[in-house]
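Down below are the structures I want you to see.
Two complexes, one shared chain (chain A), two partners (chain B, chain C).
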Partner chain A sequence: MYSDEALDFLKSAKVNVGDEIRATAKDLNIEGEIMPNTEATNRDIIVIKLKNGYNVGINFRKVKVTKVKSGSGMPGFPKSNLKQDKGLPNVSLIYTGGTIGSKIDYKTGGVYMLVKPEELFYEVPELAGIAHISSNELFSISSEDMSYREWQSIANEAEKERRAGAEGIVITIGTDTMHYAAAALSFMLKDLHIPVVLTGSQRSSDRGSSDAFMNLICSVYLAAKSDIGEVGICMHSSSSDDKCHFIRGTKARKMHSSRRDAFRPINDMPLALVDIKGNIEYKNSYSKKSDIIGRAITGFEEKVALVKAYPNSTPDIIDFYLQKGYKGLIIEGTGLGHTPTSTRDENGSWLPNIKNAIGKGMIIGMTSQCIYGRVNENVYRNLRLLKNAGVIYCEDMLPETAYVKLGWLLGNYKKADAANLLNKNMVGEIKERLEYDEFLV
Partner chain B sequence: MAKKEGNATNDDSSEYYNSIGFLCGLEIHQRLATKNKLYCSCMANLLPGDAIVSSIYRRQRAVAGESGNIDMSAKFEEAKDKAFEYNVYRNTSCLVDIDEEPPHELNREALDVALAIASSLNMKFMDELEPMRKEVVDGSNPTAFQRTTIIGMDGNIRIGDYSIDIPAMSLEEESAGIVSNNGNIAVYDTNRIGIPLIEIDTSPYIKTPKQAKEIALRIGTLLRISGKVQRGIGTIRQDVNVSIKGGARTEIKGLQEVDMLDTFVKNEVIRQINLIKIRDVLSGRNASIGQPVELTGLLKGTSVKVINNSSKSGASVFGFRLIGFNGILGTEINPNRRLGSEISDYAKMAGVKGIIHSDENLEQYGFTIGEIESIKDKLSIRSGDAFILVAGDQYTSKKAAKLAIERAEYAMIGVPKETRSVLDADLGTTRFMRPLPGGSRMYPETDAKPLLLTKAAIDNAIASAPDIEKEISALKKDLDDDVLVKQMLLSPRLIAYKKIAGAVKADKKFVANMLLQKFTEMKRQGIDADSIDTDLLESAFMRFADGRLTKQGVEEVIRRLALNGGTVDEIIKANKLERISGKALASLIDNIAAGEKLEKAQLIKKIMNEYRLNIDGAELNGLLGR
Partner chain C sequence: MYSDEALDFLKSAKVNVGDEIRATAKDLNIEGEIMPNTEATNRDIIVIKLKNGYNVGINFRKVKVTKVKSGSGMPGFPKSNLKQDKGLPNVSLIYTGGTIGSKIDYKTGGVYMLVKPEELFYEVPELAGIAHISSNELFSISSEDMSYREWQSIANEAEKERRAGAEGIVITIGTDTMHYAAAALSFMLKDLHIPVVLTGSQRSSDRGSSDAFMNLICSVYLAAKSDIGEVGICMHSSSSDDKCHFIRGTKARKMHSSRRDAFRPINDMPLALVDIKGNIEYKNSYSKKSDIIGRAITGFEEKVALVKAYPNSTPDIIDFYLQKGYKGLIIEGTGLGHTPTSTRDENGSWLPNIKNAIGKGMIIGMTSQCIYGRVNENVYRNLRLLKNAGVIYCEDMLPETAYVKLGWLLGNYKKADAANLLNKNMVGEIKERLEYDEFLV
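Presenting the complex of A and B:
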C-alpha cells in the first residue's frame, strides 16, 4: 500500500496502479507502468515497471507524473483444460496451500497462495497422462498456520473422495508442518487403505527450477500406481531432480529449512523411491492397498502440548499446562529420555512436577530430542525415577508424531486406552527393531 | 545515392549506415572485483584448484511470467528437453548458488562499486532499488533466473566529439560457466555463479560499426580505471544488438575481444542485407516449403556415412522440398556462411549434426545417382527447387526437419529475430543460438527485499567515481608521451601500472614501456606475463629502484616469473641476475681488460656479451670513458 500522501499524489495525477505513466524530474524521463508499493522500505516510493521489464522506485515528491494510458488490469494466470483419460486410475488432488501452489503476487510483491489446481496443470501437463484427476481446493493456508481443524477437514475430504471412487489421494500442503499433518492423517486415515500422498515444494512453482513439478508428478504416480495403503510424504530424495522418496507419515521429518531434500525418514527407510517416469522401487515393508473403506477417525484433543527439556529449563512449564487444563504432554527429553531430575538446585528437578501432573490425571509421554534412536527407561537411575513417576516412554517415535498421536488418542479413545496405546505401534510409528542403515538416510 | 547497392564493407561512413537504417546498441557485462558474491558469502573469485564436492542433476521448465505468458525463448530452451548437471565447489559455491537456500542480503561492496561507475556515466539514481528475476532457462543458473537490479538510468558517456546515451545500468549475478554440452545434458560449474556483474546498456543509436568499437573501448577503459573490476579472459563480455531497415534485431552474445567488434557488426549488417536480398529473390520466384517426408525406406542400405553414423539404433531420414530455392541454400551471406548454414543451426537444436541440401555436392556425401533421383522423385523436386535432408534417430530427425522448415520458411519473410553466438572469432561470424527473448522474462525477486538508496551512498559514489579525463592528465604528467598515454589508457595493465608507478621510485616511462611493449613481445613468444601477480611485478621494479637489477634484469625476472613462478629474489639468486655496478663493475672491467689490449668498443662488446643482464650499459660506458 502506498502512503496516504502518495495516494493523494497519484489521485491528483488521475493515475491508478496498473496505468502507463511518464514520470519526469530534472534530467529524468521514465515511462512505465505503476506497480504497487513494495512496502519494503518507504511507502512514499512509487514503483514503476519499465518497458524492459525492470522495476524502479522513486519517491513521489521528486517527480511529476502524467498518465499515458489506462492500465488493462492485472492479467490472470493461464489455465489448462486437461483432457482427462477416464481409463486411467482415479486420483483425487486436494489442494490446501503452501509453496507448491504459490505465485508471486504482483499486487503486493509477496507470495500468494490462491492458485487453482488448473493453473498447476497448465505448468505440469504430464499429470493428465498419469491419472484421471479430480481436483479441489479445500482451503489455502500457510503451513505455519495449519491446525488440527485443517487436518480433520483434509481427513474428511479424503474419505469423501475415497468413497467417490478415488484410488489414490494427493494432498498439496505447505512444508513447514507437513510432517505433523502426515502423522495426523496417518492415524485419522488408518482405515482408508489407499495411498495418501502429501507433497509440497521448497522452491515456489513460479520459478523454472521449482521442485514442485517433479514432486507433484511423482506423487500422482504413487497415488495412481503404487499398492501402498498408507499415508506418507513424497518429496525430493536428494538435491538432484532425479528421484522422490515416499516416507511413512509417522516417520518423516523436515530436517532442513530450505533444501529440496529436506524431508527425511527417521528411524526408518523410505517406503519407496519414485522417478519422474513413474518407476517405483519399493524399499520397505508397508500395508497394502485394499478395497475396504473405513471411516476417517478425526477426533483430536487440543489440550495436548509438546515441551522440550534443556539445561536450565524450568519444570514450571508442567504446572502451567496443568493449570490450563491440559490432558496430555509429550516431553522432548535429552538423550535416552531425560529431564533434569537430580539437580543440585532442588527447584530444577522436573520430577515432582511430573509426579504431580500425572497424579492429577495428565498423560505424559517421553521422546528424545536426538530425533534418531529410541528412548530407554532403564539405563539410568534418573530414567527409572521418571518411569516410576508414570511417564510413558514412547520408543523410537518422533516427538512430533508422539504429540500428534496423543492428541488423536485423547480425541477418540478413553483416557486409559489412550495411555495404553501411546507407546504401542498402530500405523508404523513405532518399530521394534532399528536397523543399522536407518540413520541419516 | 547509389550506395545502397554498393558493397557494405567498403563504406564506413555514417551516411551510408544511416541510409540503411542501421541501429546498434551495446550491452557490456563486467565482473566486479569484490570480496564476496552478490547474494552470498562465497568468495567472488574463481579459486584455482578448488575441489568439486558433488555434482547435482537438475531439470528446468518454462513457467508463466509476470504478464501471464511463458516467454518464447524460455519455451524454446525447454523444448530442447535438456537436463543440467551442476558441479558444486568446496569454497566457491554454497547452497545459495545451487538454489537450495534463499539469497542473503545484497553485497554492499558491489553496490558501492556499481554506484560509483554509474556516477561516472552521469546516471540518475533511483530512490528504491528493486531486485528482479530475469528468467533464464538455458540452465546457466540453477534457479532458472538471474537476479538483477537497475542501479541508474538516463546516463551518457562522451567519446571525443560525440556522446552516446546509457539508458540503464544494472547490477546482477554472473551465470554459471558451461563445462560441456553434449546431447541432452549440459554441465555447468557453480563456482562462477553469483559473482557481481554490472551490465551497461547503450542506446541503439550508435552510428557506425567503428563507433561501436570506440564506445566499447571507452566503457572498458572507464571500468578498468575504477580499479574495482576483475581482469582476464571472460571477465568482460560485450553483447551487440544490430538491425537494419527491413531486417530484424539480432543480438550477438558474448564477444570477449573488443578488437573484432566492428567486424562482427559489419558482418551482421551484411548478413541482414543478404537475407533481405534472398527474400526478394524468393518472393520473385513464388517460393514455398513442402511438408516433411520420411525417406528412411528409400535410403535403406545407403553408403552415405553421415546418414549411417547419425544414429546407433538405425537412422531415419526426413526430407522436404523447397520450391523455388534452387541455388539459394548455397548463397554466401557471410564469410563461410550460407543460407544452408543458417537452416542447419536450427536443425542442430534437435540434436542432429547438420543438414544435407541440394546445393551441395551430394555425390561427395556418397549418394548414388540413383538415390538422388529417387529422393527427387519422392519429394517431387522440379527444376528451380531445392531439398533438405536430415538424419538421426526417428524422434530427432523428425524434430530437426520441423525446425529446419521453420527457418527455411523465414527465408521468405526476411531476417528472424535471434540471439546469436560467436562462430569464428577470426572471421567475425556468428551462428544462431536461440530466438530473441521477448519482454516477459522479468518479475520481482521476492526473496531479496528492495533497498532504499541513501544520500550517503550516493555522495560516496560521486566522490569515488572513476574519471577518464583525470586519468589522462595524470598519465600525461607521468609519461609525457601522447602515444604511450593512449596505449596505457586502453591497456588492461593500467591498474598494475598505477600501482607500481605509485609505489616504486623508478622511471615511470620504463615501467610503462615494460608493461606495454615488453609484455606484448613476451605474449607473442607465448609467455603470459599478464598472469603474474601485481605485487610480484612491483617487487621486481623495486629491486631495479634499489639498484639490484638492471632494466634487462627486470625483463628477465618477469620472463622467468611468467614461465616458472617463484619469488623475485629467488629468481635473482638462482640465475645470477644481481646487478654489477660501482666498484664491483670497475674491478670486473680491470679483470677483463687485464692482459688484453682491446679497443673500448671491443671491450664493451666482450663485457656485455657475458654480463648483458647484470650491467647497465650507460654505467659501463661512463666508467670506460674515465
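Presenting the complex of A and C:
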C-alpha cells in the first residue's frame, strides 16, 4: 500500500496505478507500468513494471514521472463477457466519487473505478439484465469536498444524458454530503421528469459486508423501471440486506456516521422500497415520470450560510456574514424556531442583529435543529418577534435543504421572488401536514 | 387575553394579574386588583376590579400603575387540603421556567406558576403520596434565553437543596434547550450523587392533551424512589400516556419540535422507564446514588462556540471566533468528522484556518452532524490530516454535549487538562461501544 505522501506524489504527477509512465532519476530513464506497492516496510517505493517483465522500485522522492499512456485500470482486473441488451431501458450511470462502484485494493492503496460496463458487469452481473447502461466518470471528489460547482456539473451532465436518451439516471457519490447534493439536484433537475437516483456505500466495495452492490442494483432498478419523476437517494433501508428505500432528495438526511441504513426520510415516508429482484413497492405520493425534458436550472449563490442558534451563542455571527457580503442565512433555531432573545447577557438577543441584516437586504430563513417536526412562528411571543423582524419560517423543511434551496433560489431568481418562494413548496421539500408515523422512521 | 404590548406594560410596571395595584390617569386614581382581560376586541384594556366589586377597563397607554400588594396568583386559583407526609422521601422541586407546573390562562395571557405545594397538589394530588416536597421558583426564563449563568444558578441551588436534605431533585425547565442544560448539569453536579431530574412539557398544563402532569409525576417518582445518582431528562417515551423514560443528561436530544415524546436517547438506551404508578424499570447501567455530597463545579467559559461544517461553508468562521478571543470550538463535521479540505474553491479547505487557530491556543473538537454514530479520525486521509493538525475527535459525543463540556472544562481546568479530558468519558457522555439497537430509539 502506498503511503499518503507517495499517493500525493502520484496524484500531483497525474498518474495512476496501471498507467504507462516514464521515470527519470539519477542514472535512470525507464518506461513501464506503475504497479501496486506491496511492500510491508517501505510504502514510499514507486513500483514500475518494465516491458521486459522486471520490476524496479524507487523512492518517490528521488524520481520524476510523466505519463506516457493511460492504463486500462487496475492491472489484471477482470472483465465480463456479458453483452449489453439494447432492448432494456437506457440508464446512465454518472460516477462522481465515493467508494461505491470502485474497487479499492487495500494492499496498494490504489482505487480503481469500475467505469466501463464490462468491468462493472463482472462485479455485478445482475446489472446486465436490468438496463442498457452507459457510464462515465464525471470526476472523483470526496464527499467533504463537494461544493455547488460539482452539483452544477452533475446537473448539466444529467440533462445531457437525458437528452441523449437516458430514461433514468444513477449518480454514485460520496455519502457524507449526499443529502445536500440530493436537495440541490432536486431543485436543479426539477424539470427533468425522470428518476434521478443518488447512491453510494457506507462500506467500500471490497469488503464482504459492503452495501455497494445491493445499493447499485436497487438504484438501477429504480432508474430503469420506476415511474417516479423525482430526484432521490437509494440506500439500505435496514441493516439487513433485504431492501433499499428511495427517499425524496429534499427529505433525506444522513443520520448515522457508519451504519448501512444511515439515510432516513425526515418528516416524510420513503417514496418506495425496492429489493434486489426489482420489486418496487410505492410508499408515498410522488411526481410521475414524463417525456417532457426541461432545462437544468443550475444557478447557485455561494454567499449563503447555515447558522446554528444555541445557548450562549453570539449574535455577532449575523454581522460576520453580513460584512462578508452574504445574501442569505438559514438559522437552525431551537424548538419551534427560536434564537436567544434575552438582553441580560453580553451574548444576548439575536433580534437586533437579525433586524439589521434584514434591513440591509439579507434573507433570513428559520428551521429547527430538532430536525423532525416543523417550525411555527405563532405559538410564542419571541417567535412572533422574529417573524415581525422579517424572518421567514420554513415550515417542516430540513435545515440542510433550506440552506441549499436558498442558495439555489438566489442563484436563479430575483431577491423578492427568492424570499417569497423560500417557504413555498416546490419539489416536495415542504409538506402541509406531517403524519404520525414519520418520526424516527 | 392581553395583547403583547399590554403584557409588556404590565411586566415593565412589575405587576401581574392578581396583584393589588394603584392606577392613575387623567381624572382617575383607583386601587384594585388586576383581572384577566377577557375582551374579544380590545386586548389593550387593563381590567381592574375595585373593592366595591365593579370592574374598570382602561387602555394601558393612558394609565400608570404601581403595585400595592402582590396577589396570591391567578384570582380564585384553588388550593388543596392535602397535607405533606414527612415520612416520604424529601424531594426538592426547582422551577426555572417553561410551561410545566404552570397554569396558563389563554383567555388572559396570564401565566401562574403552581409554586406552592398546596396549589400543586390541587392540580396533581398524586404528588402528595409520593414525596415530601419543598418547592421554589428560582426564576422564570424561556428556554431560548437560558444561558450558562442560569445553569450555574440551578447547579448552586441544587447543591443547597441537597445539603438541606433533598434526596432527589426535580427541575422544571423549558424544553427547547433542556438537553443543553441537562448536559451542563451532568458535569456541574457530577459529585451530587442523587437523582437530578429535568422535566418540562411540550403542551401547556391547561390543555387536555398536556404531558405536564404525567412528566411531573414520573419525575417525582424517579427523584424519590430511584437509586440513580445521575442527572437526566424525564419526558414521555411515546405518544401514548403510558410511560416516561429517564435519559442520561449527556445523551439526550430534543428530536422533534412538537411531539410529546420529542426527547430521545442518542447512542444510548434510556436509564429507566417509569410509569405513573411509580414502577421503575432499569434499562441501562448507571452511577448509583450515594450519601456523599460533593460541591457543584460551576465554572463555565463563555468563549466557546459550536460550528457546523457543510458544503461551501467558509473556513473564515474559525478566524472570526479566534479574533473574538474564543478559547474553544466544537465542529459539527460531516460523516465521520470531516470539514471541507479542498483547495479548489474560494470557500475552500478548513485545514489552514484550523491549524492556525490551534497554533494560537484554541481547542478544537470534532463531532458528527449525523447525530447518531461516532466520529473516527483514522478511516480516511482527510480525517488524519485534521487529527494531525490537533483536532480532538470526540467519539460518540453529541455536538451539543461536546460544546457544553468544552465550556465547562475550560471554566474549571487548565487548558492542557481541558484538552486532554475532552474526549475521555467523565459522566457517561462517551460510550466505548455502541449497541446495534441504539439507533432511532
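To be clear about the criterion, the second predicted complex is superposed on the first by the 336 of 441 C-alpha atoms of A that agree within 3 Å, B and C clash if a C-alpha of one lies under 4 Å from a C-alpha of the other, contacts with A are read in each partner's own complex, and residues count from 1 in each chain.
Here is the rule we use: a residue touches a chain if its C-beta (ideal position, glycine included) is under 8 Å from a C-beta of that chain, and two chains touch if they have at least 3 such contacts.
Just so you know, these numbers come straight off a predicted model, no measurement behind them.
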Contacts of A:M214 with chain B and chain C, given as first, second, both or neither: first
Under the stated touch criterion, which partner chain does A:S239 make contact with: chain B (first), chain C (second), both, or neither? both
Go through the superposed model and pick first if A:S142 touches only chain B, second if only chain C, both, or neither. second
Where does A:N59 make contact in the superposed view: on chain B (first), on chain C (second), on both, or on neither? first
Of the two partner chains, chain B (first) and chain C (second), which one does A:F320 touch, if any: first, second, both, or neither? second
If touched residues of chain A are counted for chain B and for chain C, the larger one: C
Give one of first, second, both or neither to describe whether A:I297 is in contact with chain B, with chain C, with both, or with none. neither
Have a look at where A:N42 lands relative to chain B and chain C in the superposition and call it first, second, both or neither. first
Which holds for A:R259: it touches chain B only (first), chain C only (second), both, or neither? both
If we overlay the two complexes on their shared chain A, which of chain B and chain C does A:P340 touch? Say first, second, both or neither. second
Shared contact residues on chain A for chain B and chain C? 239, 258-259
Where on chain C does chain A make contact in their complex? 4, 7, 141-149, 175-177, 180-181, 239, 254-259, 261-262, 264, 302, 304-314, 316-317, 320, 324, 332-342, 344-347, 368, 370-376, 380-382, 384, 400, 403, 407, 436, 439-441
Mind listing the chain A positions that touch chain B in their complex? 25, 27-30, 38, 40-42, 45, 47, 50-59, 62, 75-78, 104, 106, 109-111, 122-123, 203, 205-210, 213-214, 238-242, 258-260, 276
Please name which positions on chain B make contact with chain A in the complex. 54, 56-64, 66-69, 74, 78, 83, 95, 98-102, 124, 126-130, 132-135, 137, 142-145, 148-150, 153-154, 168, 170, 439-444, 446, 449-452
